[in-house]
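What follows is a pair of complexes built around subunit A, which joins subunit B in one and subunit C in the other.
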Partner chain A sequence: MVQILSPEGELGVPSAYSVYAQYLERLTEADYLKFYRDMARMRRFDHEATALQRQGQLGLWIPAIGQEAAQIGSGYAVGHNDHIFPSYREHGVAITHGIDLMSILKMLRGVNHGGWNPDETRFHLYAIVLGTQVPHAVGYAMGVKFDGKVGNAKAEDNLAVISYFGDGATAEGEVSEGLLFSAINQSPIVFFCQNNQWAISSAVSSQTRVPLYQRGAGFGVPGIRIDGNDVLASYCVTAKHMDDARNGDGPFLIEALTYRIGAHTTSDDPTKYRKEEEVEYWRARDPLTRLEKFLRRQGIKDDFFEEVEHAGETMAAEIRAATFALGEPPIENMFNHVYSQPHPEIAEQLAWVKEYESSFEGDA
Partner chain B sequence: MSNFVEMPIARAITAGLREAMKKNDKVLVFGQDVAQLGGVFRVTEGLFSEFGQSRIFNSPIAEAGIVGTAIGLAMRGYSPVAEIQFEGFIFPAFNQITTQLAKLQNRSEGYLTMPVVIRVPYGGGIGAVEHHSESPEAYFAHTPGLRVVTPSNPNDAYWMIQQAIESTDPVMFFEPKRRYWQKGQVNLDQPPMDLHSARVLHEGSQVTVVAYGPMVATCLQAAEIAASEGISIEVVDLRSISPIDFATVISSVVKTGRLVVAHEASTAFSVSSEIAARVTEQAFYHLEAPVLRVGGFDVPYPPAKLEERFLPDADRVLEAVDRVLTY
Partner chain C sequence: MTQIAYFNLPDVGEGLTEAEIVSWKVKPGDTVSVNQVIVEIETAKSLVELPCPFAGVVSELLAAEGDTVEVDKPIISVSVADGAVGTQTSAIAVAAADAHESVNAAAASVDADEPKTPNLVGYGVAAHTAASRRRGRVAMPQAAPATTALPVAAAIATGALQVTPAEDSVLAKPPIRKLAKDLGVDLARVSGTGTAGEVTREDVVAAASQASVFRNLSTPAAPSEREERIPVKGVRKAIATAMVSSAFTAPHVSIFVDVDATRTMEYVKRLKNSPDFAGVKVTPLLIMAKAMIWAVRRNPTVNSTWTDEEIIVHNYVNFGVAAATPRGLIVPNIKDADKMSMLELAQALEQLAATAREGKTTPADMKDGTITITNIGVFGVDTGTPILNPGEVGIVALGSIRPKPWVVNNEIVVRQVTTIGATFDHRVVDGDVASRFVQDVASIIEEPALLLD
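This part shows the complex of A and B:
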């Protein structure tokens, strides 16, 4: 397992993984601080969204607490031409690519089913049906290769794709088919599996008999396991394999071993299926605490951490206000984009329902 | 002057694919065995040698992967035409088609388009083993976000495949496999009509018979037999199953007052069920008789030795025609 930052916050790379350590050279102190800020932002966002759900402002929340290092590290390793195919828990990856967090809350409030522009953001829509996004990512990567956007001399002419999914999704056939198609086509893609060890109430041991990073080998997709609570391992390993993908070296699978500290969603009750001691074990390996220890060793002082906390409170207040301000979607939204070309049946039904609803206008 | 050429349906689809591939270099053709072999029905024959591996290639035998990667390619700006080898093998891709392909335009509030065509040989009558003779079109017609079409003759096949590829919406393109080698004239100069219009193929005055795909030839044959017995049948070829051109169907029913709908698919919850309901809603006072449905029985598609008794033939259509005329 690749670990660069120990749980005590000490930097050290075993020589076997020196190929990854060179990616540390790309990082400055400003990057470390950015990683911390965004991990803290992701966590504060999560707490606020959970609170909003508890207050009835969101229909559901999908917590990602514990997965900050896996998401922020890998997210920042994805370049500004690359495309990201998330599952539905990648709020941190969204932060690293400038997605307006309100678009995620809008969806979980029930205003829409996504609705951000995947072409412009390069961060594709959340996929609720497990594993469905994986062949989409592979198809996209096939297209990138057909376009000649891999292996060019100039780095900016190349791009790659990263596909996120969880340990539970690896059981889905579409993940296996995605691995196979990527290997056959030698597509420029990195599969990033966050093994948070729980698929709702199913332990990872009920999803696989082999370590998940080995899952791709039989398809021809090599893999590696990283400490998913180590933001530097997450960054360096993802950066290296995204580089390789862009250079035409084909697909790669990263398993980030992490832990879902929270519930599967706000509808879930993890006390029914796992022991508090297990959660405590992982709380003690908190990715944010680990990075904080490292930063303090680097001489970063209280004022930075206070500033981050203050920024979190400001953000929380902003999204709270913005959530309260989200209006009702107009009924046209239900009909407008079912098809991209005119459709008489849909047009007729919209006209009918508008007339029907207007028949109530003026009623006391 | 129009440029007419005689060819069978299968060749008309090949020719339509060739035109689409020539016109737009983003059109990619893939699926199982479509490249060197030209598909098990040879519908893509010749395209590999003409366009090469970069435009037409074999996919691993994994239907969800075929449709899933087609979606990803569409997101990248391609116009994928994916072949599912037989309709009975489409179900591993059902998830991708119904939860993803059909919904992504809506999910993205129009930021994405899905110009994907799924070609599916369907229907029975070829003496095949299980899963090679079914008619699953209603599953897809029931799914909002998809368009579902099926040609019945070479001219429509040639033009409809091109129109389907040009559509920015996902199109399920059902090909009547037992009619693949039925010949007809193709007008290479201009399309007969838009993709979703129905057409009156045989004018008549007493009974409207609506059919699509492989059953159109059967119903035209029924109309000939009926004419020899002094009964005037109007045959409407639906062409599009989603959306359905109800205006053409209703105007025919208004004229004849009687309607029989025929298809190979099992009858319960079928395309004919939808048409019967809609015609009853919209043309109730024009109806002289209940709408009758002639379809497959509500049983799994039978073994080949029984399929002739499962599939509606001209006599079964005429039996229903006789019944609507007794009212």
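This part shows the complex of A and C:
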């Protein structure tokens, strides 16, 4: 398992993994601080969104607490030409690619379906149906290969794809199909599996007989396991294999071993299927605490952490106010993008719903 | 000046309707901050801590520990600084009021005077959909003195703030409710045939077409014209011709018998609960039909046809059912009903009624009947003297079945009593046969177990 930052906050690349050292050398103190800021931002956002759901402002919230290092590290390793196909828990990856966090809240309030433009952000829409994003990502990567945007002399002409999914999705056919197609095609793609150890209430041990990073081997997709709570391992390993993919080395599977501290969603009660001791074990391996220890060793003082906390409170107040200000979306939104052009049946359905809704007005 | 803000119980788990208050973490007078945990609730899914959506001073706890509260009902009021909270929210209501007017303020927050709020997940559940969308359905505790402590909590506890149950106890999807409203059908009066007992589209349509047939729903204003002339044509003309031909060619004789139908009603109830009859409509008419078919076998002449040359006794039963439809009276029949099991007969009766209501009964359906029942009991009348369906020599009228005093072992007890009336063509059926036939039918209604012989 690749670990660069120990739980005590000590930095070092084991000799067996020296190929990743050059990626660590690229990072400056400013990058470390950026990682910490965004991990803290992701966590504060998560807390606020959970509260908003409990206050009736969101239909659902999908917490990602505990997975900050895996997401922020790998998210920053994705280049500015690359495409990202997330599942539904990738709030941290969204942060690294400038997605407006309100877009995510709007989706979970039912106001829109995400609302960002994947053409512009290269961060594709959340896939709620488990595993569906993997064939999408592989298809995109195959297209990249067919377009010849792989292995060119000028790095600027190349791009790769990264697909995020969880341990639960590996038991879906889509992931195996994606691995197979990408191996045959030698597509420029990195499969980034966040193994947070619980597929809702199913333990990962009930989903696989071999470590997940070995899942691709039989298809011809090599893999590696990283410490998913180590933001630097997440960054370095992802950066290397995205580089390789762009250079034409084909697909690669990264398993980031991490832990879902919170519930699967706000509709889930994890105390019903797992022990508090297990959660405590992982709480003690908190990715933010680890990075904070490292930063303090580097001489970063309280004022930085206070500033980060203050920024978090400001962000939380802003999204709280913005959420309360969200109105009801126009009915037309449900129909407008079903077809690219006007469609008589959709028009008829829209008219029906409008009439139906209006029948409640002024009801005695 | 401050405002009172109300926090309504949110749906914390995608489609929950209620939750139990497990423990309050705050009390009136406490200062609370945004996202401070104020209460622990238990839903059908889990124990959940609710964070306060606003900062201020707790004014009232509107539900006690142990209470089960419906989603969207206020659970706490907090005195907040003016303008501290927006009002365009689903789980939060704000009333500009001082603390002494909290009764009306709370009522306003559950009354539909609040702005129409979006449902976050689906349509929500009927009960609170109706409550939040319909005006004037919440009983307001107006009489409560303005200074009474905790009046709203008391009102909730005593049910004064509950939505009136009439329609809300009925299971039906929103489009079905809409349809019922459009057709003027009171859902509470419709018995649902859906898999979960919910009222289906077919139920509503059936009720709509039957309601106006069975009952005068309203008294219209007196027409201005002195007379109205209705052309005699179509079904009305056909009915008239048939009635005249029947009444003036066949000498009618009618006889009646009162019968204790208690056991039939119990039998109907047991059949309804039996898995074999799941989804099939079971009514006393079914038992009556079975009884008549059985009695026909014992008295075959009532199931015959008169021609001037001969009497044709049918050794099969094409069982006619007089059906009141929006288009008028028609008498479709079930072919070879005597060959049918109880279940098949139940299904055939249901199908016949449905076809008739939809106006899809074909001439073939109405041809070749051998004996008929007219179920006038559904109109709420006790009995009548039915007129024979032309070509047949027997018709039975089933009156209403209702609790009446009945003598059992020289004591008056309450029994489900009905009157069976029957009319025969006296050219074919003599008094003794007619009487035996009616007695046979009555004996089955009194003791349906005899059908097993």
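Going forward, the second predicted complex is superposed on the first by the 350 of 364 C-alpha atoms of A that agree within 3 Å, B and C clash if a C-alpha of one lies under 4 Å from a C-alpha of the other, contacts with A are read in each partner's own complex, and residues count from 1 in each chain.
We take it that a contact is a pair of C-beta atoms (placed from the backbone, for glycine too) under 8 Å apart; a residue touches a chain by one contact, two chains touch by 3 or more.
What you see is a predicted model; the values in this text were computed from it and never measured.
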Check your understanding: subunit B versus subunit C on the shared subunit A, clash or fit?
Key -> fit
Check your understanding: In the superposed arrangement, does A:R320 touch subunit B (first), subunit C (second), both or neither?
Key -> second
Review point. After lining up the shared chain so the two structures overlap, which partner does A:A233 touch, if you call subunit B first and subunit C second: first, second, both or neither?
Key: neither
**Study point:** After the two structures are overlaid on chain A, angle v-u-w for subunit B, subunit A, subunit C in degrees (C-alpha centres, nearest 10)
**Key:** 60
Review point. In the superposed arrangement, does A:I224 touch subunit B (first), subunit C (second), both or neither?
Key: neither
**Study point:** Partner chain(s) touched by A:Q55 [first = subunit B, second = subunit C, both, neither]
**Key:** second
Exercise for review: Have a look and say if subunit B or subunit C is in touch with more residues of subunit A.
Suggested key: B
**Study point:** Partner chain(s) touched by A:N336 [first = subunit B, second = subunit C, both, neither]
**Key:** first
Check your understanding: Is A:M142 in contact with subunit B, with subunit C, with both, or with neither (first, second, both, neither)?
Key -> first
Review point. What is the minimum C-alpha distance, in Å, between subunit B and subunit C after the two complexes are superposed on chain A?
Key: 9
Practice item. Share the list of subunit A residues that count as touching for subunit B in one structure and for subunit C in the other. Key: none
Review point. Quick one: in the complex, what on subunit A touches subunit C?
Key: 47-48, 51, 53-60, 109-110, 266-269, 271-272, 320, 324-325, 327-328, 356, 359-360, 362-364
Exercise for review: Would you tell me which residues of subunit C are touching subunit A in their complex?
Suggested key: 7-14, 34-35, 45-51, 53, 85-86, 88-92, 118, 120-121, 133-136, 175, 178, 181
**Study point:** Residue numbers on subunit B that touch subunit A, as the complex places them
**Key:** 28, 54, 59-60, 62, 64-65, 67-78, 80, 92, 95-96, 99-100, 103-114, 144-145, 147, 167-169, 243
Practice item. Using the touch rule from the top, collect the residues of subunit A that touch subunit B in their complex. Key: 112-120, 124-125, 127, 129, 132, 134-144, 146-147, 173-174, 177-178, 180-181, 184, 333, 336-341, 343-346
